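To start, the structure under review is shown below, and the notes come after it.
Lettered A, B, C and D in written order, each chain numbered from 1.
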Amino acid sequence: MSEMPAGGKGLLLHPDMDEVRAWMHANKSMRVTDKVMDGHEAVRRFVREGDFIATELYGSVRAPMGICREIVRQGYKTLNFAGQGVMETELLIAGGCVKKTELTYQGWEVYGISNILRRAAESGALEISDWSNAALAWRLKAAAMGISFIPARSMLGTDTFRYSGAKTVICPFTGQLYTALPATMVDVGIIHAHRADRHGNVQIDGISGFAWELARASKRLIVSVEEIISSDEVRKWPDRTMIPWFLTDAIVHHPFGSFPGEMCFCYDRDQEHLKAYIEATETEECTQKYLKEWAYDLPDHQALLDKVGADRLAWLKSRALGR
Amino acid sequence: MEYKSNELLICIASRQMEDGTSAFIGTGIPMLAAALAKRMHAPNLVPLFEFGGIGGTLEHLPLGVGDSKTFYKAFAALGICDLMETAQRGMVDYGFLGGAQIDPYGNLNSTCIGPHDRPKVRLPGSGGANDIGSSCWKTIAVMQHTARRFVPKLDFLTTAGYLTGPGAREAAGLPKGTGPYRVVSNLALLGYDEATCRMKLLATNPGVTVQQVIENTGFELIVPDKVGVNEPPTERELTLLRNDIDPTHLYV
Amino acid sequence: MSEMPAGGKGLLLHPDMDEVRAWMHANKSMRVTDKVMDGHEAVRRFVREGDFIATELYGSVRAPMGICREIVRQGYKTLNFAGQGVMETELLIAGGCVKKTELTYQGWEVYGISNILRRAAESGALEISDWSNAALAWRLKAAAMGISFIPARSMLGTDTFRYSGAKTVICPFTGQLYTALPATMVDVGIIHAHRADRHGNVQIDGISGFAWELARASKRLIVSVEEIISSDEVRKWPDRTMIPWFLTDAIVHHPFGSFPGEMCFCYDRDQEHLKAYIEATETEECTQKYLKEWAYDLPDHQALLDKVGADRLAWLKSRALGR
Amino acid sequence: MEYKSNELLICIASRQMEDGTSAFIGTGIPMLAAALAKRMHAPNLVPLFEFGGIGGTLEHLPLGVGDSKTFYKAFAALGICDLMETAQRGMVDYGFLGGAQIDPYGNLNSTCIGPHDRPKVRLPGSGGANDIGSSCWKTIAVMQHTARRFVPKLDFLTTAGYLTGPGAREAAGLPKGTGPYRVVSNLALLGYDEATCRMKLLATNPGVTVQQVIENTGFELIVPDKVGVNEPPTERELTLLRNDIDPTHLYV
């Protein structure tokens, strides 16, 4: 297969599924325990320097902002991350937490390109391999399925392929050439969800993004939630559990955990805060000032909520669209 | 009625959307164009948003492809894999794309200007663009028309157009019968020549000459004998856009 | 790749995804239309002789019995089917509707092996290639994903592999040997669900079995439902739509559509009917008598419900477990 | 207390289930064994049912692996792919399997007796057995013990045990470190020899001699010097089974 096209970039993780299986067997258990802890403890216990992490969802929508601010606060220096993301991964880059990334998109859609990504990439401080959104989602899906690669029709023929770590594979039935996407079983997955019980059975409303895939493609999984519900309630609606307890390592109670982003059916994004933030990112100095004010100087998520203020939060809540 | 350049782009993009078809909608102009098309000639247009929203009403203008307005009163709120796989199995008609650069074969760059490892300008990256450009039947690019953006060779080929020409997509493994269909720019509407897969002028925008289009294109453009002229935005289009679709003027 | 292990059986369908894509493009549309019709029309319009069909779920649980009785009644002779299934596929075999099958399981679990499968297989009347349950589900998943094969760790080293149509593939990243499962895009998928709107947006309660996969791996899809709901209700809970409208070709209103099987949260299985049926299958003659009484002689699903009787149906309803 | 052969099988199978582990549960004896284990020594046993039920209470005895009792008051009701993939990524400890034939390496046949194309007896087929036998860490077979069922060579190898012996599973591509662990029969409890991967007698059932086990095994069984004796069902086990778990006597 040596003449088959292959991307020139290495992979941050080798997709060895027997290694993943052995790790799961040794470290994960289906035992039902209480997994509720605060954000500080969840990050301290489950995120190690050098880890490959991934966040869900995207933009300023159901993003695990509370947990990411906690990572920034704890001063990590050598994380790697996979993915699309906007504000939560920008904070990690701006906070100096990230060395390398397997990136699909980092930008502000209607508000333009990411100043933080530009500075990090153009200075050479951040090492980037490029992938597409579906490629990343399918790489997580492959890991979730317990297979080391999955065929796809994306990326073929492009520099996105050449600057990724993808290879190609031929279908043994049809002879069709496919991109072979390597599985991504990240060290830590971080998801913000609507609710969970104390054991880690998680429900998400609205679009599921890639929460299903990431939850199953994470060795360790931190889920922050708007609300903690009883296990009786979970057992009443087992068909609404998207992430069963044994995938989850930590449940963190973070109401408004996506702030300044939105949470469908719960609260709208804080448009003014976002605009001020994006303005701040125009210079490194202002970015650091923002980080100081909104991450370093706050002891925890509650302090953030206090700083935003109950009135503002209530107003954001009132602006959410209903069902 | 007076109109802004953006408004013209939105109206012309909107008119490319056929009733009863499905289209992947990105943030910005395609969202406004889809919302406009649904209110004008394409009430049965099905907007798809890559993170899971499908069949929404577009009553409220989304600010991002994952935001709650993409699935407000939608028929289904699914996930990114489901949507991308729907396209991969051939069920999505159109994809709308943007980019910093486009080449004569409709290939797009949204990754970087300058070398990848030390770019002069780092752009956001593919996002879903590469996937949409690979799997949808027809893609429509929405571009600002300058010679620095319409280039003979991209700094980085993020999303496949016709690659190097006829047969190249299939040879690379991309699905049969797919590829770029239209470019909607602030100067013109463009398509592709069937035999060569190279970009071809179809119609100029109101007040724009063929010569202006040629001058603002950094490669040799196919200019047929007959070039049409696009209709300016109608009063109804502008009123809908300004009062109904984007009343807080986020985009227009 | 000629020395790579491969199963000896051919495939009923060649997994050419470009052909599937072209078919979808020419025949399926996202246009929102009214798809409600009766079972007779749904079968007549969407099932053709020679078609490769698949049913969901399994055993006597949420199985599309009403639609399968309709197929038997319409006297098809040359269908092929994929899958596990019990009573619904037994009826199709007993009714002489089936030529070939890609089988994973056909038996009665606690009630033992299938007399109908035994007679069909042992006489040579039914051609069988063997697969595993996960293999079938993943084959449907591959088709749903639009890829012609998917790697898996099942079936390796066994006669199940050798008597299937599977091949093998090597991971280009790890060198790991995998079973290559060919995608199965069936001609007609048949699913029984809890509810749908008239456009074909379908909701399912409880376990999802392989409904997600089959719905997306069917060129034509017939869904029978316990209840038809308004589109307003669907739009209120878009996160509960498992099968979006454009996948669905026919919605058939079949209350007690899984009878004599069960439907979770709705009604229990009719244990006596099932026992009598299984007894009947002991001889070909009694099987045909059963088919005459419960399929051929009934004009439609309503006639079946009338024959069972309102009291019995109410009793079955009363025996369903709640949430 | 008097007990039936089935009850003994259930009790011994039940005792193999460790607290805090996860196990794929098939219809029949494994279901009863799991329900019993949860009430006896393994309240934290997690029963998994291949069509999607996970973490249910087993308050009501299911009649099939997809029935509503498999996910009654469960933590999650998912789908077959999700469950099988959980096993494929190495998160399921045990799988319980049955079959018409077993060989010295723990390979199982549940497909046919006689040639595949024209079988003497056509059996149900693999179902989930092949998948469970491929991906779970340890599998436990529950069998009737006769020389016609414990055979030197299977008519059809449905589900992989150790295949042809040491290293054969890995060579075939199956996951490292997996394979058959125990056989629970009406005569004995059996395991596998580490060096040869061949079946080995561990303990006889009450009233059964080693000689009887050997006579009812159609291949050479490894019989160590020390063979244990299984405890008969306790009163508590039998009472739970008869009154609580299977009160309508579907199985016992």
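The rule we apply is simple: contacts are C-beta pairs under 8 Å (C-beta built on N, C-alpha and C of every residue); 3 or more make two chains touch, one makes a residue touch a chain.
Computed from a predicted structure; not experimentally measured.
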What chains, if any, are shared contacts of chain B and chain C?
A
Labels of chains that are neighbours to chain A and to chain B
C
Looking only at C-beta pairs in contact, point me to the busier pair out of C-D and A-D.
C-D
Roughly how many whole angstrom separate the Cα centroids of chain C and chain D?
28
Separation of the C-alpha centres, chain A versus chain C, in whole Å, is 37
What's the distance between the Cα centroids of chain B and chain D, rounded to whole Å?
57
Where the centres are mean C-alpha positions, what is the separation of chain A from chain D, in Å?
40
Name the residues of chain A that each touch 2 or more other chains.
17-18, 146-147, 152-153, 168, 176, 178, 206-208, 236, 238-239
Would you please write down the residue numbers of chain B that are in contact with two or more other chains?
53, 71, 77-78, 81, 88, 135, 175
For the protein chains shown, what form does their contact graph take: line, ring, star, complete or other?
other
Could you please write down every pair of chains that are in touch?
A-B, A-C, A-D, B-C, C-D
Chain A residues touching chain B - in the complex, by the definition given at the top:
57-62, 84, 103-107, 109-110, 113-114, 117-118, 120-122, 124, 128, 130-135, 137-138, 141, 152-160, 163, 168, 176-179, 206-213, 262, 264-265, 269, 320-321
Residues on chain C engaged by chain B in the complex (per definition of touch):
17-18, 20-25, 28-32, 143-147, 199, 201, 216, 231, 234-236, 238-239, 241, 244-246
Seen from chain D, its contact residues with chain C in the complex are 27-28, 49-53, 60, 63-72, 77-81, 84, 88, 107, 111-112, 116-131, 134-135, 154, 156-160, 163, 168-169, 172-175, 250-251
Within the complex, chain C is touched by chain B residues 20-22, 44, 46, 53-55, 71, 73-78, 81, 85-91, 93, 135, 137, 175-177
Spell out the residues on chain C that touch chain A in their complex, using ranges where they run on.
1, 4, 6, 11, 14-18, 146-153, 167-174, 176, 178, 180, 182, 204-208, 236-239, 323
